[in-house]
Amino acid sequence: MEFILEGFRKALQLIFSGNPEIFAIARLSLTVSLLATAFAVLAGVPLGSWIAVKKFPLKKLLIALVNTGMGLPPVVAGLVVMLFLARSGPLGFLNWLYTPKGMIIAQFIIALPIITALSVSAMQNVDPKFYNQILALGASDRQAIWVCLKEIRLTIVAAVIAGFGRLVAEVGAVMIVGGNIRHQTRMLTTATVMETQMGNFDMAIAIGLVLLALGFVVNLALTIIQQNKVLTR
Amino acid sequence: MIKLSGLRLAFDSGFSLDVDSLKIRAGEVFAIIGPNGAGKTTLLNSMAMLNRPAAGTLEIMGKDALASANKLPLRRAMSAVFSQPYLLNDTVFNNVALPLRLRGLRDSAAVNAALELFRIAHLKDRNGRTLSQGESHRAALARAFVTKPKLLLLDEPFAALDERVKESITRDLRRVIKTSGAAAVLVTQDQAGALTLADTLAVLVNGRILQQGEPQEIFSRPVSKEVADFVGVETILPGKVASNRDNLCAVEAGGHTLMAVSECRAGDDVFFCLRPEDVSISLSADAGGRRNNFKARVAAVAPWGLEYKVELDCGFTAQAAVTKQLVDGLGLKPGAQVYASFKAVAAHLIKRAI
Amino acid sequence: MKNNLVLAALGALLLAGCAKSEPKNIIRLATTTSVRDTGLLDMLNETFQKDGKYTLQAIAVGSGQAMQLGRTGEADILWVHSPDDEKKFVEEGYGIERTTFLHNDFVILGPEADPAKVKGAKKAEEAFRKIAEAKAGFVSRADQSGTHKKELKLWAAAKVKPAGKFYLEAGQGMAGTLSIAEEKKAYVLADRSTWLSMAKNLKLGIVSEGDDLLINRYSLILANPAKFPKVNAPGARAYFDFVLSKPAKELIEKFGVEKYGQQLFFYDYAAK
């Protein structure tokens, strides 16, 4: 018990002394996961809405696949991305392995099915008669989807929160694709693992606390945005 | 404005919509009535290009409405209101402005004008979700008119409203439609509303149009028992035409000889139809010039809206619609002895297949 | 519609921001965890990258995995310590100019209680035999690393095949393996440098040291550009020359003296 409290105390010291390395790592984690989430939203929300609204053969199969993708283990995503980005792999010429760009791609692949599946579900909850009404007022399919999205933005923001939460917490993909290289691809999660293994518990706890705080702050911001849209009148 | 032929839509449930031909002229108010499940909404959705017919042609404003390239431009020349207002979580102003925004236009004057038309200008900054039923239906109508559409589709727009509100909005809608000169297709279960608004009426039962024409025509001279039933002809008696002299027919029905003005010939098997509004009740045998006059016993008296329905046993059953004053004045009660009379010209004969 | 554009613009901006810090002239070094865990790698690489001409991607895995990276052309230069495997690596044409330049030694660590009574054993194979006989817990790197290969050699010398409940195969780097050994109160083979850098966190102690067999030699190997045209040969050469230079020699020899009171790595190359 002693050493836990000791570790905790030292951790707080590290944080409040403004240890630059910890904050550099935090900045990278934030950038990588936020960007990956943003790209996943830009791709996944329209994709999910389209799937929900359009009729086409094998629609149920596609939705099942997307739902399964929500449970994609991050390490598997990392492995696949690594194989593609390796020098001997098909995309090796990009030189994106062991760089933040590679990590963003891996995290994008993890977040995409989550955002897409939740968008499908949110869109399917829109009354089809409402959708028809918007069409009948002179909207194209794309316009009608956009109007419906604005009506279900609460759920969409919830999907963004879910996606970001998943990304900032995962360690497998960023470890494999990033390599935990100091000053370059070290993320909060991979640094925690490394410091724990090296027995530097105070550092590990410090990084863990920053990770928790980061997750909380971003989710707080998103929740405020979401709740502001709730009709109070 | 709309030309439809051979339109067919089939559903997994076994139900199918089969419309041989339908024509709606510019500036015409066309009402489609029919019982629940008749396919009215499906038909309207076809005109709104919201479903895909299995067969047939649909021409709107001269263009093939089934071709996907035409859908958006045609949609932008029409407008629709459904039984729920489906307003956005936004101000009334923005709600009414939506059709303009969808077309990439900004025109506050048009929005304000539309709000004025339906007398909700004072609500323009309120959130659409906070309006009362009547207010939100008005907003939906204002939204439909803001682009001054040439064709308006309405699917039971007033079904959810109470009488007074319904009346008031119907009046405003009629005024706006007539002033704008738009064609309107109105699907409704409200026969009174249909009578008020429509220039032409179609009766849709079980996926098929049974009769089309002027509303009064259909109500007084339905072409089949089915239609008669639906439009409220409550006295329908099977019988046979005994003779026809100058289109005055004597019909053997209900154990009596009833007189009707009709082109049916002697020997025809017919249904003798009579609307309740056309049956008069009196205590004296004086028929006042009506060719049909019978002794009757009051079988039942039931309230019907603000009036009363009186079931009369004349040897055959006849339904009469009378005012409360008459009920009170004549003391109509079950068992009372009265005289029921009706004009030959009010009666209607439908040919019957044996 | 507008929001979509704003978001897309933001995304593009952030991506551009990412691109601005685009690493130039990437050199990929595959090396061992023991070099990283001591902090030697960080120290050297900071100096190497100071003028900003190169970006060094140091992937710290076991020697075995490092050489595997070399075999697929994923690494430009290797810094490993598994002599037999290294020789094979060069023979098979994957690497060139193998230069053994550094050494430290391994130590056998054990719990305070020393259940196998290994303490004081002068010969490493004797220590290993005692551990096996006592069926005392032993944690192996089990990751094809240089340390792992050395460990296997010692088992062979002790004429023991390590297996069974007492033999724990961690599959991790030096630091992780040491943590497990400490937790399980087991014996473990570690390079002295990593041991020193982690000693304050561990309750293990040295039970045997000094045997010649325990000498640990590090070599640099360049990826063979003839076999792998895609490698950054000039970058690898630059790092190679740097590590084998006098300034690097001085840095390495000074490393750890202040902190641990002794030199962690011994330079063997005649640096110019």
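Just so it is clear, A, B and C label the chains in written order, and each chain counts residues from 1 on its own.
One rule holds for everything that comes next: contacts are C-beta pairs under 8 Å (C-beta built on N, C-alpha and C of every residue); 3 or more make two chains touch, one makes a residue touch a chain.
Keep in mind it's a predicted model, so treat the numbers as computed, not measured.
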* To do: By CA centroids, point me to the most central chain in this structure.
  => A
* Name the chain whose C-alpha centroid is farthest from the C-alpha centroid of chain C. => B
* Chain centre separation (chain A, chain C; CA means) in Å -> 33
* To do: Could you give the separation in Å between the centres of chain B and chain C, each centre being the mean of its C-alpha atoms?
  => 88
* Structure fact -> In whole angstrom, the CA-centroid distance of chain A from chain B equals 56
* Using the touch rule from the top, collect the residues of chain C that touch chain A in their complex. => 1, 4, 7-8, 10-11, 14-15, 18, 23, 26, 28, 37, 42, 55, 57-59, 72-74, 172-173, 175-176, 178-179, 182, 198, 201-202, 230
* Can you list the residues on chain B that touch chain A in the complex? -> 45, 48, 50, 72, 75-76, 78-80, 82, 84, 86, 88-89, 98-99, 102-103, 127, 129-130, 143-144, 147, 153
* Asked: Which part of chain A faces chain C closely enough to touch in the complex?
  -> 31, 34-35, 38-39, 41-42, 86-88, 92, 95, 97-101, 104, 146, 179, 181-182, 184, 194, 196-201
* Would you mind writing out the residues of chain A in touch with chain B in their complex? => 127, 129-130, 132-140, 143, 147, 150-151, 231, 233
